[in-house]
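Below you'll find the structures, each written out as structure tokens.
Note that chain A is present in both complexes that follow, paired respectively with chain B and with chain C.
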Partner chain A sequence: MAGFFTSRLFFISLALVVIAATLPLYVSGYVLGLLTVAFYFGVFAMAWDLLFGFAGEVNFGPTFLIGVGAYTAGILNAQFGWSVYACIVLGAFASVVAGLVLALPALRVRGPYFGLTTLVAVLMLQNFIVVFADLTGGEIGLTIPDVISINAGTNYWIALGFMTISAAILYGLSQSPVGLVLQASGQDPVQAGALGFNIVKHKLAAFIVSAFFSGLSGALLVFYFGTASVGTVVDVAVGVNVIVSAVLGGRRTVLGAALGAIFLIVAGEFLRPTGELATFIVSAVALLVVLFFPGGFLGAALSREARS
Partner chain B sequence: MIDGFAISALYALGATGFTLIFGVSGVLNLSHGAIMVAAAVAAWAAASILGVGTYAGALIGVGVALLTAFATYFAVVKPIQDSRRIPNEEKEIFVLTGTLLWGIMIQELIAYFFTNNAKTVLPIVEGVVEMLGVRTPRNEIFTAIVCCLVIALLWLLVNRTRTGKAVLAASMNPRGVTLLGLELTNIYIVVWAIYGILAGIAGVLLGMFLGVSSYSVGPLTASAFSIVVLGGLGSVSGSLIAAFVVGYLETLTAYLLSPAYRTIPALLLLVFVMYIRPQGLLGRR
Partner chain C sequence: MDMRLSNRAVLEVRGLTKRFGGLTAVKNLGFEVNSGEIFGLIGPNGSGKSTAMKSVMGIERPTSGEVIFEGEDVAGLPAHKIARKGFGMVFQHSRPLNRQTVLENIMVALLPDSLFMLFPDKALVERAKWIAERVGLGNVMNRRPPTLPFADLRRLELAKAIARDPKVVLVDEPFAGLTRAEVDIFSDLIRSFRDDGRAVMLVDHNVKSVAALVDRVLAMYLGEEIVTGKAEDVMRNETVRRVYLGGAIETHARPETSFRDKVPLLQVENVSVFYGKAQALENVSIHVHEGEFVSVVGLNGAGKTTLFNTISGFLPYSGKIVRGGNKLRGTSPAKIARSGLVQCPESRELFGEMSVRENLDLGGQHLSDDKRAAQLAWLFELFPILKERQGQMAQTLSGGEQQMLAIGRALMMQPQILILDEPTLGLAPVILEQLSKALTKLRQTTAITVLLGEQNVTFALPHADRVYVLEHARIVWEGDPGRFASEAGADFL
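What follows is the complex of A and B.
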């Protein structure tokens, strides 16, 4: 951990954050808006990577946690008129509770079964939102009266700050003894258990941390967009994007996941002129990365550094 | 009830291919829905745009599914399985991600070339008949019969032919099969071929029955996945039972309560089964 502050990775990340922080001074609001969304997505991807890359559990339902956080915050604000900050805190809290409810039965099973349980959770949430349309706005979505700020620069800084802090916490956690235990239990649960570590407890903790950041980010995103809809925070396709960004950026790196998310969103925007083919190209690139650089962007860069 | 039977039979057909692949090569193919839709859209395009007739159209649909299944195996699954850079215990995850991306690519291509409007393949058999006092489209009965026939054929193929027995053996013990001098890759190719044909028939029938669009890719994969897990991964008879349970549950809910709740009871059942019997109805661990 102490070595990290002198490592090259630390200086590169620091430089990137400083450069990113000065962006509002000279780029347009459009670019800022794009990057704001990308930063929130980065947090989704990092939270997912903690669970998958380290605990070795494929969570097909990142959007379950994101959606619960986002919708809790949105409903409290739109239907009950609570203040923005109370809503965000409660959104993150609700997400943690949802994570616990999901994790307790889900962690009993492993591999594909775990993946399916989480996938089912997303589909249930989606059905729930559509069925209770009075409360949730149904398929059209929920319009939120309050926003954090209408200034693109302020929103951007909030998103950047949030992503940086989350990245620091998640990365720190992943390098800490807890992260190492998680990694061990992901690779060989029997042996890790035999060494006396309580695997279930550690995985549960990873799930809760992942849920907390997903929910918090989801709630912030809702107040940035001003709406909460199935298509933006719950749909399986959103979850797929989160998974793709984490794998693309390099699993088990946490920071790579954020890079992957930013790449995915920005690339999607650049390819907008190609119309409907944009998603095709992005998935094709992602597939090539998966096939030829299984470590992802950051994984490839790090292993080259380690070799030299 | 006949409606439910036809839907269940379709689900069963789609899910058997899926579970066969998993049982033999341990691959969960998340591009399953995309292959089915590709088959249906190809059948639709051949029949409506090229005007080759419904029978030829259906054949073309199945052919396209077969080709797509092979493409999935050679372009995505095989490179990952052969890759030396991916640690063995993570291959499963990579296959999942890879096939998922592949499915999205197929879906987007279909949406690009044929738009994402729903397409209904012209049914091979037209008209309605009176059955037990219910007016039933002949096509539905046809669907149910074809599904049962294909599943029966599959059973014969697996249990009665030499190739089928090799496939069965490979699902039990891959290493044992290679020791007996059979090439594992050939068996995989046979399995993917069977899978492609099954998915193709299911896709074309689905196109005739309910109509498909590129949006149905995700739900189709999810339903096949949940049926297969419900029945027990790798167990063909388990998936058959599960397909009928899910099919009837969905149809009954849609009729008795409201179509909006269609998928909810099946999902609840799935969660329940996962909780008390994680390996599925007939799964082995």
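What follows is the complex of A and C.
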């Protein structure tokens, strides 16, 4: 842990953040807007990796947590006129509560059933939003009157700062003693139990932390977009993108997940001229990585280091 | 350690029973372990010893009974609570954290069960280092587990189990996969736990392998205690001898010269197999003639299943496997099975949610309709119970019926060579008799070549023409079943 501040990974990360922070000085607003979204996605993917990579639980419904945060924040602002910052905090809080309600029963079931439960939760949320259209804006989406800022540079810096802080906290947590116990519980629950660790408690805590960052990031994203819609924060396809990002970047690396998300969104944009093919190409690349480099970008590098 | 406490049992187990559905794995088991004592729980595969240990540790929830630790009943508590009270368990299979160092892996075991331990404690690092030295990992503390040899990974398991200074240490098969020299080192380590005043409980298959180590032994069979006492007394016990060696065995061996084929039908030559770093087979050579019935006997973990899976094409190996003049290397398991070398695996692998008939039809799927009907009629003569159970779901059958179905399904493939891996596993004596009769009939009325793997010698010898003994990945004896008891029997206690 202490070794991190002298490690290569730390200096590379620091250099990347510093370079990223200077971007608004010389790139277009279009690029900044793209990266802003990518950074929020990076937090989704990192929060997801904490659950999958460390706790060993596959959450097929990351957008349940994201969507609850996003819509809570959006509705409170659009329908009740609450201030932006109160809405963001309450969005994250709502996501934690929703995560707890989902995880408490879901963690009792083993294997693929946890994943299925989370998937069903997304479908229920999506349905709820469509049915209660008066409150949620339904299929058209919810227009949010307030934004954090209209300046592309400011929005970019907020997103970058948020992602950097989230990464520091999530990575730190993953490398802390609690993170080790979590990893042990995910890898061999029977043995972790025999070593005296309450596995359900640790996994639940991981779920709550994951929910908090997903919800917070979802709420911030809504105030950047100025709208909340099923297609951007709830749809299963969005969740699949989050999962693909994390897997591309490297399981059990946290930081890799952010890289994966940025890659996925930027690559999608670069391929926009190919039209409908863009999604196909990005998916094909993701599939190849999963099949041939299951460790992902950062995972491959780290395990090479572990063997040496 | 308080003198008064050291004379009293730290762990007392009374009336421990564990049922899985209709199966009673552990029946009314009772024993006590004192501090400063090594206690062995011994029994053949499927006897319920591991389940008993898991029930003590709280990994399985006992159906009934008491597990009294220092006067307090802990039965039914979850494993993590029992562990915190002063229990440590050494697992046979380990999955260490591969991206963390050996030292960090030990530190995990030292951490409190708290969500707020965000920074490691310096004192824990010192303690972890001390433990690493203690189990002989001092030189490799800063390496990562994937770079360690197998024995060091086992040391790591020991280190984790004793990290929080438990009063009771449970050890699951302490010597599995270790070489002779390593066995001595691990024996010394386990003795040192006893000398620290801990109560140590071992689980193993046979008395002999742990006789030098244990103070007292409880031998169990089919979930129940046979006898408890000193190792040499338990080895002399009549019932124990019968369970492991059987009574007077009548053998019907046909001499090897009576088989006509000059070159044996199946030849396994100098085959070695590794699982990662553990060697599962070491230069194993066996041969089987056409129509011969060969038994490979060996205790659990000796390498029987590995040998069969290698022959069936499931595992990479060095050496040579030749069947009817053709090398089998490079042939897929499916092709090997289809060509008549059929395995009936230890785990049975039935299609649980399909009916008995569907399982059998799948076995005979490649046959034409009339041939399949004829084969089925023949099979129902061999196992009449399967005819009655045709419409029933396979997973609802009793253990014995499931075994018959597994053998039946393999026979539906019309094998030339049939491999039977531990068909007696966990079955009651009355079922064994039925299976035994079916094998006799198979041997007398068909030309099928049979390769049988067993730890139950009583079952394996009567049918065999020839016997191999597999021990610690090597063939250590080969010969006539009539000579087995006098020449190789002693190793089976």
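The rule we apply is simple: the second predicted complex is superposed on the first by the 303 of 308 C-alpha atoms of A that agree within 3 Å, B and C clash if a C-alpha of one lies under 4 Å from a C-alpha of the other, contacts with A are read in each partner's own complex, and residues count from 1 in each chain.
In the analysis below, a residue touches a chain if its C-beta (ideal position, glycine included) is under 8 Å from a C-beta of that chain, and two chains touch if they have at least 3 such contacts.
Everything quoted here is computed from the prediction, not taken from an experiment.
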Using the superposition on chain A, decide if chain B and chain C clash or fit. clash
In the superposed arrangement, does A:I199 touch chain B (first), chain C (second), both or neither? second
Based on the superposed arrangement, let me know which partner A:L277 touches: chain B (first), chain C (second), both, or neither? first
Which partner does A:Q187 contact after superposing on A: first (chain B), second (chain C), both, neither? both
First, second, both or neither for A:A237, with chain B first and chain C second: first
Output check: A:A20 vs chain B and chain C. Expected answer is one of first, second, both, neither. What do you get? neither
Of chain B and chain C, which one touches more residues of chain A? B
Just to be sure I read the superposition right, which of the two partners does A:L291 touch: chain B = first, chain C = second, or both, or neither? first
Contacts of A:V58 with chain B and chain C, given as first, second, both or neither: first
Is A:V97 touching the first partner chain B, the second partner chain C, both, or neither of them? neither
With the two complexes overlaid, spot the stretch of chain B among 78-86, 114-122 or 168-176 whose C-alpha atoms clash with chain C. 168-176
Overlap of the chain B and chain C footprints on chain A, listed as residue numbers: 187
Complex interface listing, chain A residues touching chain C: 1, 172-173, 176-178, 180-181, 183-184, 187-188, 190-199, 201-202, 205, 252, 302-303, 306-307
Report the residues of chain A in contact with chain B in the complex, numbered from low to high. 52, 58, 105, 108-109, 111-113, 115-117, 119-120, 123-124, 127, 130-131, 187, 236-237, 240, 243-244, 247, 275-277, 279-280, 283-284, 286-287, 290-291, 294-295
Can you tell me which positions in chain B touch chain A when the two form their complex? 28, 76, 79-80, 83, 85-86, 89, 92-94, 96-98, 100-102, 104-105, 108-109, 111-112, 218, 222, 225-226, 229, 233, 260-261, 263-264, 267-268, 270-271, 274-275, 278-279
Where on chain C is chain A touching in the complex? 57-59, 78-80, 83-84, 87-89, 91, 94-95, 97-100, 104, 107-109, 111, 113-120, 144, 146-147, 160, 163-164
